[in-house]
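Order of writing sets the chain letters: A, B, C and D. Residues in each chain are counted from 1.
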Amino acid sequence: MSASDSQAQRAAMAARYQALRAHTLALAAPLSAEDQALQSMPDASPAKWHQAHTSWFFEALLLRPHRPGYRAFDERFFYLFNSYYEALGPRHPRPQRGLLSRPSLDAVRAYRAHVDAAMWELIEQCDADTWARALPVLELGLQHEQQHQELLLTDILHAFSCNPLLPAYDADTSLRAARASGPLRWLRHAGGRLELGHDGQGFAFDNEGPRHEVLLAPFEIAHRLVSCGDYAEFIADGGYRRPEFWLSDGWAQVQAQGWQAPAYWLEPGDPRAPARDWQVFGLAGVRPLDPDAPVLGLSFFEAAAYADWAGARLPSEFEWEAAATGLAGLAQLYDAAWQWTRSAYHPYPGFRPLAGPAAEYNGKFMVGQLVLRGASLATPPGHARPSYRNFFPPAARWQFSGLRLARDIEEGSKT
Amino acid sequence: MSASDSQAQRAAMAARYQALRAHTLALAAPLSAEDQALQSMPDASPAKWHQAHTSWFFEALLLRPHRPGYRAFDERFFYLFNSYYEALGPRHPRPQRGLLSRPSLDAVRAYRAHVDAAMWELIEQCDADTWARALPVLELGLQHEQQHQELLLTDILHAFSCNPLLPAYDADTSLRAARASGPLRWLRHAGGRLELGHDGQGFAFDNEGPRHEVLLAPFEIAHRLVSCGDYAEFIADGGYRRPEFWLSDGWAQVQAQGWQAPAYWLEPGDPRAPARDWQVFGLAGVRPLDPDAPVLGLSFFEAAAYADWAGARLPSEFEWEAAATGLAGLAQLYDAAWQWTRSAYHPYPGFRPLAGPAAEYNGKFMVGQLVLRGASLATPPGHARPSYRNFFPPAARWQFSGLRLARDIEEGSKT
Amino acid sequence: MSASDSQAQRAAMAARYQALRAHTLALAAPLSAEDQALQSMPDASPAKWHQAHTSWFFEALLLRPHRPGYRAFDERFFYLFNSYYEALGPRHPRPQRGLLSRPSLDAVRAYRAHVDAAMWELIEQCDADTWARALPVLELGLQHEQQHQELLLTDILHAFSCNPLLPAYDADTSLRAARASGPLRWLRHAGGRLELGHDGQGFAFDNEGPRHEVLLAPFEIAHRLVSCGDYAEFIADGGYRRPEFWLSDGWAQVQAQGWQAPAYWLEPGDPRAPARDWQVFGLAGVRPLDPDAPVLGLSFFEAAAYADWAGARLPSEFEWEAAATGLAGLAQLYDAAWQWTRSAYHPYPGFRPLAGPAAEYNGKFMVGQLVLRGASLATPPGHARPSYRNFFPPAARWQFSGLRLARDIEEGSKT
Amino acid sequence: MSASDSQAQRAAMAARYQALRAHTLALAAPLSAEDQALQSMPDASPAKWHQAHTSWFFEALLLRPHRPGYRAFDERFFYLFNSYYEALGPRHPRPQRGLLSRPSLDAVRAYRAHVDAAMWELIEQCDADTWARALPVLELGLQHEQQHQELLLTDILHAFSCNPLLPAYDADTSLRAARASGPLRWLRHAGGRLELGHDGQGFAFDNEGPRHEVLLAPFEIAHRLVSCGDYAEFIADGGYRRPEFWLSDGWAQVQAQGWQAPAYWLEPGDPRAPARDWQVFGLAGVRPLDPDAPVLGLSFFEAAAYADWAGARLPSEFEWEAAATGLAGLAQLYDAAWQWTRSAYHPYPGFRPLAGPAAEYNGKFMVGQLVLRGASLATPPGHARPSYRNFFPPAARWQFSGLRLARDIEEGSKT
């Protein structure tokens, strides 16, 4: 790469870094310092923690190894804001992130500024060799921060849902799921021997590859997601009281947790918002159920039970990817809800994790979780792609997670 | 009571109300809004919650029943800030008090001001009948707020102890336990048939009465509390590894919780404050162990085990009260630490709880707890008295709780 | 003691030992080997374990220290059948006693026979010094076995209650609680300064002394226990739905455990015995509720709530003892149910535990429990006495535990 | 089918039924009634329960629907011995199977005989239509009983492992895992587009189909299982202390459970069998570790960690099946240990569960578990086949479960 090309590349990266980091702050802007310290369950983290941890990532994986003379803002943050990297030493227990009133939000903001200044220098000043080594980690750090931007939103929504006042994150937020009205249409895919997984162009996480051949039988897939209106019919038909639709572990959850509707749905007459119809709590606060909005807040168990009730099934992650890349007419791919698939989150054939500490980024979670495809209303623009693999345990329901139906093609049938 | 007497009484009460309420704010002053939202365990409450709940008490027990036309600051607070009064309806679950980022600290302060204004009017303007009914409840509300002033401190100390940074509440705080140097002296009490319990002069909680006769055998009691230096000897002698000193439930706690020292003691080399000797975390932050300071942060189990190791025992609550009222020479009665006794927190003979909602104030907790006597460094001045009965479960150790030794007098012995 | 006196004493002791040990086997006789291996909760033990542990007690406290050359039946039993004696080394975890299908019941019986033979020799052959030292431990061992005779019954009843078939221990058992018909009468006690606790004549456990003076106000006590008929009125009046009668911890239990009636009461229509009225499960199996039988299977919380509902209270343990020794007309003292008192199980003034390993027998449990007085239908004849102190945690309800009401005497009142 | 063919078929089935049912009794023969009542964890069941439940299966799915006039041995057994069939009504809670001392083992044996007699009549006497409908269910019932024959052994082994005496199931048992000595050899499979899954000949469970095409990259697979000697090297190399080999959930288990070796391995010096080298507890009791025996008692997490440490990986279930059907030289396929694969237990494309109550047999468990292939020393002869899919959660380690390594073929590499 020529020197001027490199300079242009560095300048572009610096601009992108700056914009992306600013976006994190913008997302936190509607929240008070008190809000940003909330941790409502071990699986979720405080907004303040997300802001600190994403900075820690740049510090731990870039500034410490690649910026000689870098002075930490506070050495103790290396312990406080490590998430799960065993190779980087011990760390603050995850369930206790909500007990960190100190460092204050102001201190975390100062930490971010400190890291940003050092990153700026690194991007501008490092030598070519360092730049070559740093660039993929920098890209990973930015993608990482985008993931936490979404989590910041899903986690504060969960925290607010635990407050009887049901506060709105932002009553006027533009973060809304794409709607789709009208009956569901089935789109046919011929299946076959297909190459799937990331094709190597542009960034992808290690878990999206290697690209490899997959055999698919012909199948049909719904042009839109299951809507709140659709899902309300399932509830009205006794969906949460009939074990025949449920996986065994799902039925156990229904009974143990008392599930009767998706997360954040308020029954008619709920004392927190005592309307006569279903209400739904979201980033904009409590709103009447919109039948054309996609259903959100589903666990895999609920998605699978709904599909069974509907005489259909969930797509595999490969069916989803084949449809997303090969079919016209699919709505709500990346702008509504993460879509549960019937695929376990396991490594692709020939999978190799990243080298170094980033090896722990994805690979070590490859058991006990299911793949979700697409993206949600809260996914930062430009973050998702057809090969993107999101993953959560089957009982998780605090994400913006819904479903798109699929079904087999009966022999001799025609669409 | 003459009209002018009544006016003077009202004015005095108003002044006391104002000063006491201001003291609560002063205690919270060193804490940020983030700090004040912390709840580190179900038994402890956020500083913000203490400020709201004490206001709720005046609102629920005085303004609503006795101030016609009183308009609530926010009707939902009646649910949010009820602590445990079943008769006053459902309430926010105790373990989730830390999830209330809203109402914000500012809103809680506004709530306090709203209640204060209404209380002011009530005190000034209510008719004589209302005043007669309101006065004992007002007194109870003030005493109640003083109790929460102490809890605010013990609870934030626990919360800060869960933060690896071990922040100081106030490095320059004047809240310090009275020290006592020199060897322990035994003071002899002749026992006998004594009247104990509150004598009816001035305020007392219902649990301090009725005053009644008690028979006591002669006993001896220590002139000072067990000091940190004393307690360090117990540790050094294997106190936490030798079951013979412990009650069965206490030994189970030692093993289950891994207790090796009082709460907030940091072992030599603790990574959070890696000094070569014991350190103690307190309101002023981490400080070297002071051998002449009273040991704090003890559970009943530890206090009893120490006493056994020392060849002594804990006093009964009646022995303590008899000594406090009848013996000269007792140090550290009310200015150091609550002192565990060997008495279960049960009703006195003939005990009757208060009428109305305040019936739930004390009586319903009269099982499963032990009585502590005295008062601590954190007890508001003027709050305690010889008949005061504090109470906690035997495993509780986040209070400023220590012990004073007692022992039987062997027949024929002389002091 | 003369040689012939000693021989007579030894012969009497041997006979008593033999009869008492045989009684344990007789109690187990209605049970199969499978039944005798059941452990339905950590607090209860298998019938087989009771038979082994009582033998272990003689082995560990008498044969090993006092019988030179004694060969253990199986050295591993020393670990398996120690209950809670820390001084005697590690032991099998209590919650796993039900996993010991081996040693088989036959092996445990052989172990008993082995111990009996050695005990026989010890009693007959040991020298006078050994006999003097052994005698109090032998007495303790017999009393200990009697305690386990009762526990064998309460524990198997609990185990059987977990079996949907609700098997009877013995449909024709003569173990029945004494009934009392007719209205409750109040007996008046003048109170005063009384000597209570064991007076030193005959055997008593260490926790029954020292005998000491107690001051009692005048009080009234019920001539009979609360009956099933009485208690059914409390239930019908919403007793289990009204928090005002309950201690706070009790109310929490009601809600957490879903208590709606005493242990072993079957609601009308219960699928296990679908009669139209209350049924009660007991040693004889399921029987219709007998209104004149004493209510059994109560926790302290329920006993206290009932008393509050009835406008009365529980007696203190001293009131109970004063009444039992000083009043005529008390029914159902020792032949119906253990009677909860309002007294914490704490040491008496001047209490000293036994020396040696038996020190752990009683003293280390003296916190967190309540005293029950009297004895039950399942207590071996001759085991109880007025000073006897039984004790259980306040939520325990699998014993034959009921209540006798007491009340204060209002000034100026007359009976 | 001709009448005589049908008669021959029925006779053959009757003989097979009889032999297979007798085999269950033979497996239980070394166990006492006390042993057969043990339940050591919710996932395991008492041997007695296995004998009853397998009879219940015939009763519930064959005799009740297909044998008019069939009289149940005991109607209550329908509730007691249902395992997990929601469609067949409520059932005794799984964790409480060990509390059923009644029905006694003798009663369960009588129940078996009762069912056998009725089955005999059904097989002999039912009309042709009934026979046609009954035959597949009968076959399923026999296969089902074989599965429980293996579970009876794995469950009693777990129960005995909880007994400090570590009793042997049968010191002379012929149930031994096939050994394999010598270094591991890698066998190459060319991969390709293969038809896998059950081919429809002979019995298979619903989860083994539909047979479908699968694409496999070339791979290598080990000719033998990982041996105890191999695994001991992993332990010696710090395998249980190095997080880099472990999946995140696996590492959490290692720490939470304190795993340091496979289930049933006894460390040198273990007080239960204090030898100087590793000992292994198995059906024959405690034996010195045999380096050439396959390692058993592994969770998926341990199998995957070992594979990572060894520079290899687990095969997918399709690789395993392709190798088992297409390669010569594979040892220990069905006579040593179930072999963990890297495949989630999910439905094959086009999977349809059985009709009727048997629909719940397999399908509802298809999430959260991993597939194991092959069979173990405890699998009844003739039960397994190449398409057989066993499944357990990743932390399960009380089965006879081990692993066979696989690895990718690097481009350009040669074997």
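The rule we apply is simple: contacts are C-beta pairs under 8 Å (C-beta built on N, C-alpha and C of every residue); 3 or more make two chains touch, one makes a residue touch a chain.
Just so we're clear, the structure is a prediction, and the values are computed from it rather than from any experiment.
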Inset, instruction - List the interface residue numbers of chain A and of chain B, divide the shared ones by all numbers used, and answer same when the ratio is over half, different when under half. - result: same
Legend entry - Distance between chain centroids, defined by C-alpha means - chain A, chain D (Å): 37
Legend entry - Where chain A and chain C are represented by their mean Cα positions, the distance between them in whole Å: 59
Inset, instruction - Please work out the Cα centroid separation of chain C and chain D, and write it as a whole number of Å. - result: 46
Inset, instruction - Two or more other chains in contact with one residue: find those residues in chain B. - result: none
Inset, instruction - Sort out which chains touch which and give me every pair. - result: A-B, A-D, B-C, C-D
Legend entry - Residue numbers on chain A that touch chain B, as the complex places them: 32-35, 37-38, 40, 76, 79-80, 92, 96, 98-105, 159, 162-165, 167
Legend entry - chain B-facing residues of chain C, complex: 84, 86-87, 193, 212-215, 217, 243-244, 246-251, 300-301, 304, 316, 342-344, 346-347, 349-350, 364-368, 370, 394, 408
